[in-house]
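Each of the two complexes below includes subunit A, the first together with subunit B, the second together with subunit C.
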Partner chain A sequence: MIEIKNLQFGYSRKGAPLFSDFSLSLSAGQVVGLLGKNGAGKSTLIYLMAGLLTPDAGQVTMHGVDVRRRLPSTLADVFVVPEEFELPSMSLNRYVAVNAPFYPRFSMEALKSYLDIFEMDGAMPLKSMSMGQRKKSFICFALASGTSLLLLDEPTNGLDIPSKSQFRKAIAQSMTDERTIVVSTHQVRDIDTLLDHVVIVDRSQVLLDAGVREIGQRLTFGSEVVPDALYVQSTPLGPVTVSPNLSGLETPIDMELLFNAALTQPARMKELFTRK
Partner chain B sequence: MKDNVFSARRFMNVLRKEIAVNGRTLLLLALGLYMGLTIVMTFGNMMFSHSFEIPVTLLANVVVYCIAAFVFSIMASMAFSGLKTRGSRVDLLMMPATALEKVLVQALVYGVAGVLVFLLCAQLADLTRIGLMNLLIPTAEIPGPINFLAFPYNYAFGVSNYDARISFGTMLTMALAASMATYFMGAVLMPRYTWLKMMVVMQAVDIVIFVVLILCGRWMNATWIHYITDVNHVDGIGWFFTVLAIVQAVVCAVLAYVFFKRKDVVTRSVL
Partner chain C sequence: MDFKENKAIYLQIADNIGDRILSGELPADGKIPSVREMAAEIEVNPNTVARTYEYLQQQGVIYTRRGLGYFVAADAAQIEVRERRNALMQGELDYFLGRLKAVGISPGELKALYEDYLK
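What follows is the complex of A and B.
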């Protein structure tokens, strides 16, 4: 669905580019977690996937169409919820009335359902909402837009604990076989139960690009320290480890440990996931 | 959804959104404009009704034209307010419409509609002037209502054009259109500037273009243009400046479209 091929991009012509010969492929019907350290380029990748930035080289296509062309049909099929956004001085209902016509698959029923999940009132003026409420309103609209690609940059920032649970419920409810939701975040624990696919990026490299089922089959997360452990972390309750899964049975994933393991042992991680 | 360059339905959606988001601000501006013009016209009437023998149409022409030039420049520089912050830039660039539709909406609202609103405000202000003068100083000389809605025609084609001579009014109107287009382009190029800062920069650009044109005109007048000037037909110099003003307006409008089409959500360093 989304193909990134040999992407090259940097904010400054001097110095090393943020992405160099970067390639990635995402298919439909998945919730993809885009993880990386601060400054790894997660937000930049989101913008590049949306066609909001022009690559220096390479191409980003969605359904075979170059997103940088910003064709109306492509724009009507992609929705971006950036980390910082602005909403006009009007009620949510008015905002919906003005913006919904742009999205052919927008669903009022779906919007009402998401507003109910988040316990939001459509008549409330957007400017009088708190940041968290505005975010929830915007996320409701984004989910109801019916676009086949939804890009969320740090969506749980500013949400309280109950709202994070509501967010997970709304995302799960919005998923279809034709839709791809990419969530860029460094707060993995907020979304770890949602993810179908994980992409970890660091310094222009894809450290991990795998489905959660495959991750659970190839890795095991526990407290047993084994000689060939990829990663060992000391905690007050004792060590926690990431090790190769020799049994082949799917095991529960700890996203934070997975992220740390990918960052500290990228070569071994790559070797494990390319091995048949 | 079809990807044709222009769709009336999409254009109307974009226009509707622009009015919904910025309509209140524009209405307040129109109100401020009406009140400002009322004060200026009433004050002008008070100042000159007892003193000078200045024809009121000339006074209205000069004052209103100067105010118009100032207001139109501000309006053109207010275009593309959606480019000012990153959040609003994402919203504007991701709006499912073509760049042409988005640019045309801005040109319509902050160009054409702005001019029409100005003329309407000027007309209402003039009528209010008459009412206020009758109320405050009924003994003063109160000229009758001026037909501001005829201004575009009077200025575009001059008082008399039966001999097809390019009038000073036509040149001024084309120069005003050229200035507005320059500011419009500036609004795309420098969205983070305040309207005042952008106006100063683009006015400098305008002045440079004007000086270059003057020099070109003097050179041309000194060499060959006076040979083709026929006093019974086209005024060579006026024709020259008018055409160049139109060219400047068209070039700036096209550049505004091109720059907007290439706009990214984050402006990258060129170094």
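What follows is the complex of A and C.
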């Protein structure tokens, strides 16, 4: 679906680039969690995937077309919800009337169902909304746009607790086999049951690029401290650990532990995940 | 649904559906929610629910009717009871009996407690 090849990018010509020789490929029909520390380049990668930034070298293609050419056919098929954004002073209904025609697969019926999930009213002026409400309105529009690629940068930031649950419902409902949803976040607990695939980046490196099923098969998350544990974390209820899955039984994935293990033990993680 | 147990999510969803079958909320030959409906209801990835349904189908708990969706098998409740009995005998009971032993509850006391519980 989307293919990043030997990408190089930096905001300034001086100093080390943010990405160099970075490659990643995402297939259709999945919700991909893009995880990384602050400043790891998550947002930059999203803008590069959307064709909003020009790589210094390498390229990003979607359905085989370089996204940076910004062809109408590409633009009609990608939607980005940045972490922070401005919306014009009009109601969501008006916004939809003006902008929906750019998205050939936009569905009014879908929009209505997402607005219902979020308990939002399309007639309310966007400018009078709180940040969380504006975010929800824009997410509804984004999901209803029907694009093959949907890029969400920290979508749960600014959402209250019930809205986070509504967000998960809306994403689960909007998934199709043709669609790829990339969710960048550092608040993994908000979305952990929603992900099909996890990509952990740190500067130019992809520390992990694996489906949740594979992660469950290769790693065990539990409370037993074993000698070959990849990561051990103390909690009030005792230690929690990530270790290689030797029993073959799958445990639920703890995304925070997974993230910490990938950051502290990149070499062992790589070895575990390349093993046949 | 709360995911807390140390069991893969797709299996926890299967247990939850099993509970609903045993309680009669999902009757034999009744339709169960589609993958997408179930995913939205419990806020998980649709592919995880698809995996649950695949697993339940293998166990014979549910079946598909082409174009119509998933249905509860006629003998789903019996299969559930059998599977749960197996799980209990194979692990859970062992753990429980170990705890009883550790705090010194005698077989006689346990019998009385269980009889009392069944009343």
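The rule is simple: the second predicted complex is superposed on the first by the 276 of 276 C-alpha atoms of A that agree within 3 Å, B and C clash if a C-alpha of one lies under 4 Å from a C-alpha of the other, contacts with A are read in each partner's own complex, and residues count from 1 in each chain.
Just so we're on the same page, a residue touches a chain if its C-beta (ideal position, glycine included) is under 8 Å from a C-beta of that chain, and two chains touch if they have at least 3 such contacts.
Quick caveat, the model's predicted, so the values are computed rather than measured.
> Clash or fit: how do subunit B and subunit C relate after the overlay on subunit A?
Aligned through their shared chain, the two binders fit side by side on subunit A.
> Just subunit B (first), just subunit C (second), both, or neither: which does A:Y103 touch?
first
> Give me the angle at the C-alpha centre of subunit A between the C-alpha centres of subunit B and subunit C, rounded to the nearest 10 degrees.
Once the two structures are overlaid, it is 150 degrees.
> What's your read, subunit B or subunit C touching more residues of subunit A?
B
> Go through the superposed model and pick first if A:D228 touches only subunit B, second if only subunit C, both, or neither.
Touch partners of A:D228: none, neither subunit B nor subunit C.
> According to the stated criteria, A:T251 is in contact with first (subunit B), second (subunit C), both, or neither; which is it?
So A:T251 only meets subunit C here.
> Applying the touch criterion given at the start, work out whether A:S73 contacts subunit B, subunit C, both or neither, answering first, second, both or neither.
Touch status of A:S73: first partner only.
> Pick one for A:F85: touches subunit B only (first), subunit C only (second), both, or neither.
first
> According to the stated criteria, A:G216 is in contact with first (subunit B), second (subunit C), both, or neither; which is it?
After superposition on chain A, A:G216 lies in contact with subunit C alone.
> Can you work out, in whole Å, how close the C-alpha atoms of subunit B and subunit C get once everything is superposed?
It comes out at 28 Å between the closest C-alpha atoms.
> If you lay the two complexes on top of each other, which residues of subunit A touch subunit B in one and subunit C in the other?
Shared contact residues on subunit A: none.
> Would you mind writing out the residues of subunit A in touch with subunit C in their complex?
On the subunit A side, the touching residues are 29-31, 117, 165, 168-170, 172-173, 175, 193-196, 212-213, 216, 221-223, 250-252.
> Which of the residues in subunit C end up touching subunit A in this complex?
It comes out as residues 3, 5-9, 11-12, 36, 39-41, 43-48, 51.
> Can you list the subunit A residues touching subunit B in their complex?
On the subunit A side, the touching residues are 10-14, 47, 50, 52-54, 70-73, 75-76, 78-80, 82, 84-86, 88-90, 94, 98-99, 101-104.
> Within the complex, which stretch of subunit B touches subunit A?
Subunit B reaches subunit A through residues 1-3, 7, 10, 13, 16-17, 20-21, 24, 85-88, 90-91, 93-99, 262, 264-266, 268-271.
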